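Next come two complexes, and both contain chain A; in the first it sits with chain B, in the second with chain C.
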Partner chain A sequence: MKYQTQKIAFAYFAVAMALFAVQVLGGFIAAYVYVNPNFLSELVPFNILRMLHTNSLVVWLLLGFFGAAYYLIPEEAEREIESPMLAYLQLLILVIGTAGVVVTYLFDLFPGNPVLGKEGREFLEQPLWVKLGIVVAALIFLYNVTMTVLKGRKTAITNVLLLGLWGIAIFFLFSLYNPGNLSVDKMYWWYVVHIWVEGVWELVMAAVLAFLLLKLTGVDREVIEKWLYAIVALSLFTGLLGTGHHYYWIGTPGYWQWVGSIFSSLEVLPFFAMVLFSFSMVWKRRREHPNNAALLWSLGCAVLAFFGAGVWGFMHTLHPINFYTHGTQITAAHGHLAFFGAYVSLNLAVITYAMPHLLGREPYNQVLNMVSFWVMASGMAFMTFVLTFAGVVQTHLQRVQGENYMDVQDQLGLFYEMRLAAGAVVVIAVLIYLYSIFVPRKGELIKRPDTAPTPAE
Partner chain B sequence: MWDVLTKSAARNIFYGGSLVFLLILVGLTAQSHNYVVNVSTDKAGLTDSVVRGKRLWEKHTCINCHTILGEGAYYAPELGNVWIRYGGKEDPQGAREALKAWMRSQPTGIAGRRQMPQFNLTDKELDDLINFLAWVSRIDTQGWPPNKAG
Partner chain C sequence: MQCQNQPPAAERVGAVGAPSATGDIDRRGDSLPGDSLSGDWGPLSQLPGHPMMWILIVSELLVFGAAFIAFAAARSGDPALFAASQDSLDRLLGAINTMVLLTSGLFAALAVNAVAQGATGRGRAFLGIAGGLGLVFLAIKALEYAEKHAAGIGFDTNSFFTLYYLTTGFHALHVIAGIAILALVAWRSSLENVETGVAFWHMVDLIWVLLFPVIYLMR
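Right, the complex of A and B next:
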């Protein structure tokens, strides 16, 4: 760690990891309710469990992005963060907001209250006061990092990262607009949800991956940064108009079926480019970095994002197919592998890379960390496969044959049991991961032979 | 070709191109907004009661079990066309009574069956919610869903 203020990242990562645990536990309970629907049905109904699962996901991913920014910006800008005090104040606001959300959902406080009550649109259920808190926290953050970069060295990595983070804040403002016309509501709801994950978050992803590869492979900055601009150009050229793949059946004009199908199919390209980029940088590497686990997560991120977002996204994005699969378990399958591959893995990669520096120790526990990668990735992949099968059966019986929804669900029980089992594996993998990064050990689980390559920086 | 492309050229293409695509998206959004408000949804029928119904739908976060126009959670049936499924087109009064009776009788408590919570809605609230669902069923969705099952 070259700069004192990089330490701020530790606090963000710690809170993020606590919420990660909450998220997978929430998902596990929700999956159990699918199998045993009477469980908790009057105390904490399914909709509340699902909100806890998805909201904790989004919040911890954002906290991870903030942490990554606080970690990498000093190194890139060659300057301490403008104000560490503001950075901790920002975290405090976000923690209070998160605690407020959990308590409001669990105890159904202030129902219907326009400021204090939950708001009830998918993913954007946070009460208004929390949304405003998020906006304030984002403004503090943007001020802090933008000032740091403006006064320091400007690199392509910080340019793209900052643009992505500004985009996150700007598009979040659409969450404050909730008209009475459901179709208009949905149009702008996707401005937050789609443009986040298939637009500005991709900028953050590409910038952070570029930073990691720069450090881990030692390839020339010029080469890496040219790739970076090419990748993010592909992301926004396809992802912005790709929003159209959500405008097929919600009351919007028919031309979106063409615009959406064409541009969203091309959205596979930036994800494929990230695979090419990361593997060719490793191929051309100029150093053997001691942190192999961070490299594994970085490559895993590119590959799993390509499958989850690229392949599983393309699977149902053409409008004649989406007509039948829209809003089935296929969507759930895709949502899981895309979020996991792209953004969960990205955060776990940065944390794996940064933690040894933040704690001032060797990157040990790598073997355990790499085990957690394989177990978690297998668990999520299996969950995606079973949900995909469930979705195909559901699409056929319900959308083609016209069988009643609940009758179809009754025939999918086996898939939901397998999803629960896959979820248990993921929960175990998450615990292994947390242990490997937080708990100090005397040495590596499996010793390296002395012939191991000499470590670089 | 890759070697000819310099970093600063790549950067300029990125900024310039993204701006162009953003402007196209904004333009199409404006046109679609206008189309939705005036053509594909029932403008005159968007009464205070329908809007109150939408707020109730949000207050109870129905979206985290059900889908509406295919978006939401996958735990419970699609509700964008529930009005049609209950025969609201042929017999509006009957469909209204049936939907009210359904919501009042939850949860069923039947072992092994997915449960819907009891929201303790008043008769007026139930009417608002049903007006909202009936309004949604009249949106021109380009023919989606494929059939009544939703």
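Right, the complex of A and C next:
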């Protein structure tokens, strides 16, 4: 760690990891409700559980991105973060907001209150005061990182990262706009989170991957930046209009079916480019970085994102197919592997890379960390397969044969039991990961490679 | 820690940091960003103009290719409807527009030749003619849309016209963008810039040459 203010990242990563634990536990309980439907139905209804599971995911991923930005921007810009105090204030606002959301969801304290109460739009239920707090925190963050970059060295990595981070903040503003017309409401509703994951988060992902590969492989910055530009161009070109695949059945004009189908079927390209990018950088590597676990997570991120977001997304993105599969367990399968592959793995990669630096600790405990990668990835892959099969059966019985929704759910019981088992494996893997990150060990199991620089070709 | 007064690039690249406890030792991968937009782009370096333009061109061809596949799929679902709807298109205006755009492409190619020979003024004149013909194309397109509108045909008339408006409209947006790009490279008229802008214009040209027979003519 070259700059003192990179330490800020530690606080963000720590809170993110705590929420990660909450998220997977919430997911595990929700998976159990699928098997035993009346579990907790009075105390914490399923819709609240699901909301906690998805909202905590989004919040911890964002905290991870903020942490990654605070970690890599000083190194890239070659100067300290503009104001560490503001960075901690931003974190405090986000933590208070998150706590406020959880309390409001669980106890519904101020029903109907325009500022303090739940807002009632699915996934954007956060009370108004929390949304405004998020906007303030985002402004503080953007001021802080933008000033740091403007006064320091400007690199393609920081430029792309800033573009992505500004995009996150700008598209979040649509959560404050709640038109009366349900179709228009839904149209803007997809601007939050879904234009994130298909557009601006991909920029963050590409920038962070580029930073990690730069550090881990020692390939020339010039080469890495070319890939970065190409990936960013592909992401924006396909992702923005590709979001039209959410507009098929919400009352928007019919041309969205074609716009959405055509552009979103090309959304696999930036993810494929990221696979080519990360593997070719590793093949060309000019240094053996001792942190093998970070490299494993980086490569895993690119591959799992390609399958989860790219392939599983393409599977049901064409509107004649989506007409049948819309809102079935196929969507759940895609959602789980896409979020895990693209954004969870990315955060775990950057945290795996940064933690030893932040804690000033030589042994990385990386064998355990790599075990957690394989266990977590296997658990998520199995969960995805199970949900995909469940979705195919559900689509056929419910949408083709026209059987009643709940009758079909009864027939999917076996799949839900297998999903619960896969979820248990993921929870265990997360605990292993957290242990490997936070708990020091005495010696490193993997012999440190020769770090003498090899001559350039 | 903060280095406000940065030494020149050559010194900094040579300055290899001491090995740290965490393994980041050398900084060869950390040279200053300089010409990352030029230099070696692999196979894309062989092509005229900027490599990023070719990434865009390939993406555009994929999008229009997907649109033609969508058109074929929709047509196979209801060939009679598509044949009847196609008959109401103005093939003559389409054919004139094809001539206009191809001629425009010729002048764009002549502009590259002129700039390559150092005749920047002549190159700019040719770019002006190319862009002007682009405007003629748009005017004829507008006439065609007005005819359709007068006949009560719109976006939602049927799936043929949805795809007709999507593909021709999306192409027309590219013509507008192309005219802006030609104006830009006429202003900043280095050979690489002109080649880059004209490559985009030829793509707009090429897409029309594919679009016209698929949408207007093929039975």
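In this text, the second predicted complex is superposed on the first by the 443 of 457 C-alpha atoms of A that agree within 3 Å, B and C clash if a C-alpha of one lies under 4 Å from a C-alpha of the other, contacts with A are read in each partner's own complex, and residues count from 1 in each chain.
Throughout what follows, contacts are C-beta pairs under 8 Å (C-beta built on N, C-alpha and C of every residue); 3 or more make two chains touch, one makes a residue touch a chain.
These numbers were taken from a predicted model, which means no experiment stands behind them.
Engineer: After lining up the shared chain so the two structures overlap, which partner does A:360 touch, if you call chain B first and chain C second: first, second, both or neither?
Structural biologist: second
Engineer: Please work out whether A:23 is in contact with chain B alone, chain C alone, both, or neither, and reply first, second, both or neither.
Structural biologist: After superposing on A, A:23 lies clear of both chain B and chain C.
Engineer: Using the superposition on chain A described above, determine whether A:215 touches chain B (first), chain C (second), both, or neither.
Structural biologist: A:215 contacts chain C only, not chain B.
Engineer: If you count the residues of chain A that each partner touches, which comes out higher, chain B or chain C?
Structural biologist: Touching more of chain A: B.
Engineer: Once the structures are superposed on A, label A:182 by its partner contacts, choosing first (chain B), second (chain C), both or neither.
Structural biologist: In the superposition, A:182 touches chain B alone.
Engineer: Of the partners chain B and chain C, which touch A:237 in the superposed model: first, second, both, neither?
Structural biologist: Touch status of A:237: both partners.
Engineer: Does the superposition put A:262 against chain B (first), chain C (second), both, or neither?
Structural biologist: So A:262 only meets chain C here.
Engineer: For A:388, using the defined touch cut-off, is the partner it touches chain B, chain C, both, or neither? Pick first, second, both or neither.
Structural biologist: neither
Engineer: For A:55, decide between first (touching chain B), second (touching chain C), both and neither.
Structural biologist: neither
Engineer: Touch check for A:327: first (chain B), second (chain C), both, or neither?
Structural biologist: After superposing on A, A:327 lies in contact with chain B but is clear of chain C.
Engineer: Residue overlap on chain A between the chain B contact set and the chain C contact set?
Structural biologist: 156, 222, 225-226, 229-230, 233, 237, 253-254, 259
Engineer: Name, in rising order, each residue of chain B that touches chain A in their complex.
Structural biologist: Within the complex, chain B touches chain A at residues 5-7, 10-11, 13-14, 17-18, 21-22, 24-25, 28-29, 31-33, 35-37, 40-41, 46, 50-51, 54-55, 57-65, 67-78, 107, 109, 111-115, 117, 135-136, 139-150.
Engineer: Under the definition above, what is the set of chain A residues touching chain B in their complex?
Structural biologist: Residue list for chain A touching chain B: 34, 36-38, 41-42, 45-48, 50-51, 111-112, 117-122, 125, 156, 159, 178, 180-187, 222, 225-226, 229-230, 232-233, 236-237, 240-241, 243, 246-254, 256-257, 259, 323-324, 326-329, 331-332, 398-400, 402-406, 408-409.
Engineer: Provide the residue numbers of chain C that touch chain A in the complex, in ascending order.
Structural biologist: For this pair, the touching residues of chain C are 1-4, 6, 16, 19, 21-26, 28-37, 39, 41, 51-52, 55-56, 59, 62-63, 66-67, 70, 155-156, 159, 162-163, 165-166.
Engineer: Within the complex, which stretch of chain A touches chain C?
Structural biologist: 1-4, 78-80, 153-156, 214-215, 217-222, 224-226, 229-230, 233-234, 237-238, 253-255, 258-259, 261-263, 265-266, 269, 286-287, 289-291, 356-357, 360, 362, 448, 451, 453, 456
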